[in-house]
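Chain lettering (A, B, C and D) follows the sequence in which the chains are written, and residue indices restart at 1 in each chain.
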Amino acid sequence: MIIVMQPHASAEQIAAVVSRVEGGGYRVHLSQGEERTIIGVIGDDRPIDRGQFEALDGVEKTVPILKPFKLASRDMHPAETLVPLDGLKVGGPKLAIIAGPCSVESRSQILETAAAVKEAGATALRGGAFKPRTSPYSFQGLGEEGLQLLAEARNLTGLPIVTEAMSEDQVKLVARYAAVIQIGARNMQNYALLNTVGQAGRPVLLKRGMMSTIEELLMSAEYVMAQGNGRVILCERGIRTFEKYTRNTTDINAVPVLKQLTHLPVVVDPSHSTGKWEYVIAVAKAAVAAGADGLIVEVHPHPTEALSDGGQSLKPEKFAQLVREVRRVAEAVDRTC
Amino acid sequence: MIIVMQPHASAEQIAAVVSRVEGGGYRVHLSQGEERTIIGVIGDDRPIDRGQFEALDGVEKTVPILKPFKLASRDMHPAETLVPLDGLKVGGPKLAIIAGPCSVESRSQILETAAAVKEAGATALRGGAFKPRTSPYSFQGLGEEGLQLLAEARNLTGLPIVTEAMSEDQVKLVARYAAVIQIGARNMQNYALLNTVGQAGRPVLLKRGMMSTIEELLMSAEYVMAQGNGRVILCERGIRTFEKYTRNTTDINAVPVLKQLTHLPVVVDPSHSTGKWEYVIAVAKAAVAAGADGLIVEVHPHPTEALSDGGQSLKPEKFAQLVREVRRVAEAVDRTC
Amino acid sequence: MIIVMQPHASAEQIAAVVSRVEGGGYRVHLSQGEERTIIGVIGDDRPIDRGQFEALDGVEKTVPILKPFKLASRDMHPAETLVPLDGLKVGGPKLAIIAGPCSVESRSQILETAAAVKEAGATALRGGAFKPRTSPYSFQGLGEEGLQLLAEARNLTGLPIVTEAMSEDQVKLVARYAAVIQIGARNMQNYALLNTVGQAGRPVLLKRGMMSTIEELLMSAEYVMAQGNGRVILCERGIRTFEKYTRNTTDINAVPVLKQLTHLPVVVDPSHSTGKWEYVIAVAKAAVAAGADGLIVEVHPHPTEALSDGGQSLKPEKFAQLVREVRRVAEAVDRTC
Amino acid sequence: MIIVMQPHASAEQIAAVVSRVEGGGYRVHLSQGEERTIIGVIGDDRPIDRGQFEALDGVEKTVPILKPFKLASRDMHPAETLVPLDGLKVGGPKLAIIAGPCSVESRSQILETAAAVKEAGATALRGGAFKPRTSPYSFQGLGEEGLQLLAEARNLTGLPIVTEAMSEDQVKLVARYAAVIQIGARNMQNYALLNTVGQAGRPVLLKRGMMSTIEELLMSAEYVMAQGNGRVILCERGIRTFEKYTRNTTDINAVPVLKQLTHLPVVVDPSHSTGKWEYVIAVAKAAVAAGADGLIVEVHPHPTEALSDGGQSLKPEKFAQLVREVRRVAEAVDRTC
């Protein structure tokens, strides 16, 4: 951490800050510029609360130097982490293609979708049994029945299940069915849930909050990892901006940034990140070209009947086209799918 | 809901949409413009999933007409809801001034703060026993011990307690101590928690997520109210924007907008919404001038020792100044404090 | 400026950076932390291009320390700058209340408005003769005829004119009529225009771009001031965020932030910053409570006939109510109007 | 346009709105819902000012139905517009690769860069002679001398020139040298400049403002086209969001959205849209995979000496790598470069 003093900070104020820093067990590195004194804090551990120092008289601001994440950082762990998803290793040369409906709605719907996405080339099945919905009056998911239907679809197709847990109570239940437990964007900073899922013995797919920074996403991964669960897949699913033509803005920059900052695999959800099915294929190809390790895509056999997210769901034949087109791009960046 | 067809939508496509709408039990109102056909959907209940219709061939977009919240809406309930906070009625002419430290850190800290804010004119005591922190390595709060210390401070000063529950498990515990249960910004869309707190028999202070729209805030209030708990206080605590000089951007517009849309009381948190103590008093006065029903302010006897949010905490004497200055503004808008 | 090296930067890379810094005529302050080496650059002048240093091998990032604005900075000029607006001194105890229509539309419209706002207590008349419109098909203003009508209104009422110049060509013309030349939000970073208006011999009202940071606003003021024109009034007029209920988000925090960073006066435009007339009075009061030196408000005698911004314009009687209510708040913060 | 009345709007209010609409020469389509009356306005021309109607008593809001752009709309002009850039047709199967330094700094710098990017496969040379800089103290470009050096580089390499005009005065001068005149992000809504460049007889590369919507970008293109110049290339160069790891957020969604809405070609600037050279290649490949018609990339022979944008400039060998990698992705989407 660096502490920048105000232009006219007095010698007493500077001395007080220095003494405060040293009192905390850190070494001080003082730098007297022409207009400002700058105090470097050496030997600092990450969880310094910078606010304490900002509250000292004469301090203009503090600047963090170290990245606040450790377990998730590539600095500490240069090699890629490969997260198992059934046979596939997410983060390796073969892309993870996770596909399925937003919500599990009925037996026929999920079985039909599972068969279709398997046929088209998917490597895992997604589908929500517990659904976080903005409105309390909207369909909230089938609950455990939905999980059982997912299991039936898995047994039929061999596709492992990726599905969401929304609360600590649900984690144990979901872990009985899911190969990977999904934490949704709205729960990215639900720390109680992150702690619970960190102990659940299952890989986690952690979606970036729609207005969370890349650093906050990594800090939330850090919560899961600090519980001993290092198998975290990060998911860019679009952030909220002023642009209204699409539901969210796909932060495509986040793909190379995350690949640089962390050893964890990164997938992209072009369905939520655009919100309109017409744009999903283009953004899926962009994600793979940018270096994503996989995709998570909403597919519904009859989007006009979907109880949620119909407007952004692909029909199975469109999904098959997505896989064909993505495969060509994947090969152009030395990946397969 | 209105459905806007694409410019060259065919008669068959239009007929298919009409039949779909009528099949859902709605009446259709067809409007043939020069460039577009527009289909009004009449008799619609709120939870229509618009995505289904957006997925129909020939549909360009759908436009919601009704507001999606009901219980929280002033249309349905024109009179102000007054939420009891001990003797005070939040939403009435007297402002609620809720003050205290970010976290409860020690017995002396909370007792000293409580006495000071009481003396200065606060009407309730805030302080976190369970703290949502971005980093798993930061101080996470004292837990139940913190609640007990809050109770001691309440017994000493008479100030009712406003404190946060972060998970369903904590709700029952917190309800034993708190006059009002706070739901933090990061949990505004933690629907499991909202449902739980809706059944806890305590008023709720619901903070707007830093990434949430006003409409989403009202939908989250709707979750609580749908469980039978109509005593919800809404809290504007700043939203995330591109501006970097302050930690968040106080959405002051939200105050008159909320007062128009809903009958629930609205308070403002100028500590989080600015992130720097120097700006807290100015924004507190602005909030009251704009029509807020109260303030929630961070106060710490020794900000430079604070385990969280030191940089945005007021010292007790600054808080006393805040109350004095706010009181004058309150009088200028026919309120008291 | 501070240069933060990557964790595993080599001694050669560090030496190369040091030599590059010294070669630029700066002194180096080296700080060897446990994980990072940090290089302080001392004696730096503001216009260092940090990108050069970020391009050096082994550099992780650079951090600016000095504020990039000088003439606009309160550090250099602690006393308030008072900008004359006819008799009034903007920045002094009496608030500037600048009111009038979005566009000058006709002789009767502007004369009627001018008389009404004068009567209600305005201190200056606003009104656009040149209008920046998103669509080339919208009304673009009356041009010089509009300026002449403004002059007639000024002669009738005594109110000085605040009006916009959109291009270098228009500056000279506008300067013949206006007491203050307005630079609109869309032109805040039109540097050719800023340079021209810096030489025009008239005070400038500089609106913050809807996408501009506070620092960028001050840098644009710096352009005007660097041409020798120190009479700049800054205007917060709302920034663009994800919130859709209002046209923009009033950055009320910007008021105390600007009052701290700069000696220039600050006014707020609650008409554009909300976009709906129903919210204008509440936000006007908030602005004054937060410390603004004035307001600029859209008033139209017949908003339903307005050729632009009808939805956010106050009728004269509502404006009179605004002045009455603002006056009470002004007194509560020791100002008048 | 659709006018939504307030829930309890009176029959008189509705009648007044209807009469107002009909008075404007439009037909009315009245739809009486259970909670709201909705008034469709038929035969509306684009430049209706919706504000007039929002100001009528009893009106809750207005909703636009037609897109406000005409000349730029694909509805009116389904076939791709191909914009000539020397021999290349931008918008056709072969990608435009526009490369060069941020600023022209010296004869050797621009000649060296031009030769290198030509060798690597660029199809045009970029480089600023007039530079919009946030600070008045930063390097502002070489002016006409810079244009002459660009011409020398063109003569040497055969690469056509793409360079920016910042003001109306500069347009004529720039048009003498440039194959394509660039309008920078900060000037996207400088309407005087758009009108001027619309008459300059040169294709225009129009950069999206960093906080402008896709619709606003198209409206600015409409300004140029309304002057008779239909040869406009649109450029996505990143938008401003809350994310701080990158300078801007590449709005990759904008590529398929624009390809759907307009017939104009779309290029992407991965240098500005990321702000760090490490991420440029990944985002360039993403842009092409998403369907972009070209790229505009900053290349500098010695980024550590660059007078602007050093941190986001590629060295020539990195640019050669970019072209090689992009070529493979281009082939995977049936394009060439």
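Quick note on the criterion: a contact is a pair of C-beta atoms (placed from the backbone, for glycine too) under 8 Å apart; a residue touches a chain by one contact, two chains touch by 3 or more.
On a predicted model such as this, the values are computed, not experimentally measured, just so you know.
Ranking all chains by how far their C-alpha centres lie from the centre of subunit C, first place goes to A.
Chain copies subunit A and subunit D are related through a rotation whose angle, from the C-alpha fit, is 180° to the nearest 5.
Our note on geometry: subunit A versus subunit D, Cα centroid distance of 30 Å, whole angstroms. Subunit D has its Cα centroid 25 Å from the Cα centroid of subunit C. Averaging C-alpha coordinates per chain places the centre of subunit A 38 Å away from that of subunit C. In subunit C, the positions touching at least two other chains are 211, 240-242, 244. Across the complex, subunit B meets subunit D through its residues 2, 4, 7-8, 29, 31-36, 38, 40, 42-43, 63, 65-66, 75, 240-242, 244.
Chain contact summary for the complex, subunit D toward subunit C: residues 20, 46-47, 49-56, 68, 132-139, 166-170, 186-187, 189-193, 209-212, 216, 219, 222-223, 226, 240, 276-277, 303-313.
Those residues of subunit D that touch subunit A in the shared complex are 211, 213-215, 239, 241-246, 249-257, 259-260, 273-274, 278-279, 282-283, 285-291, 325, 328-329, 331-333.
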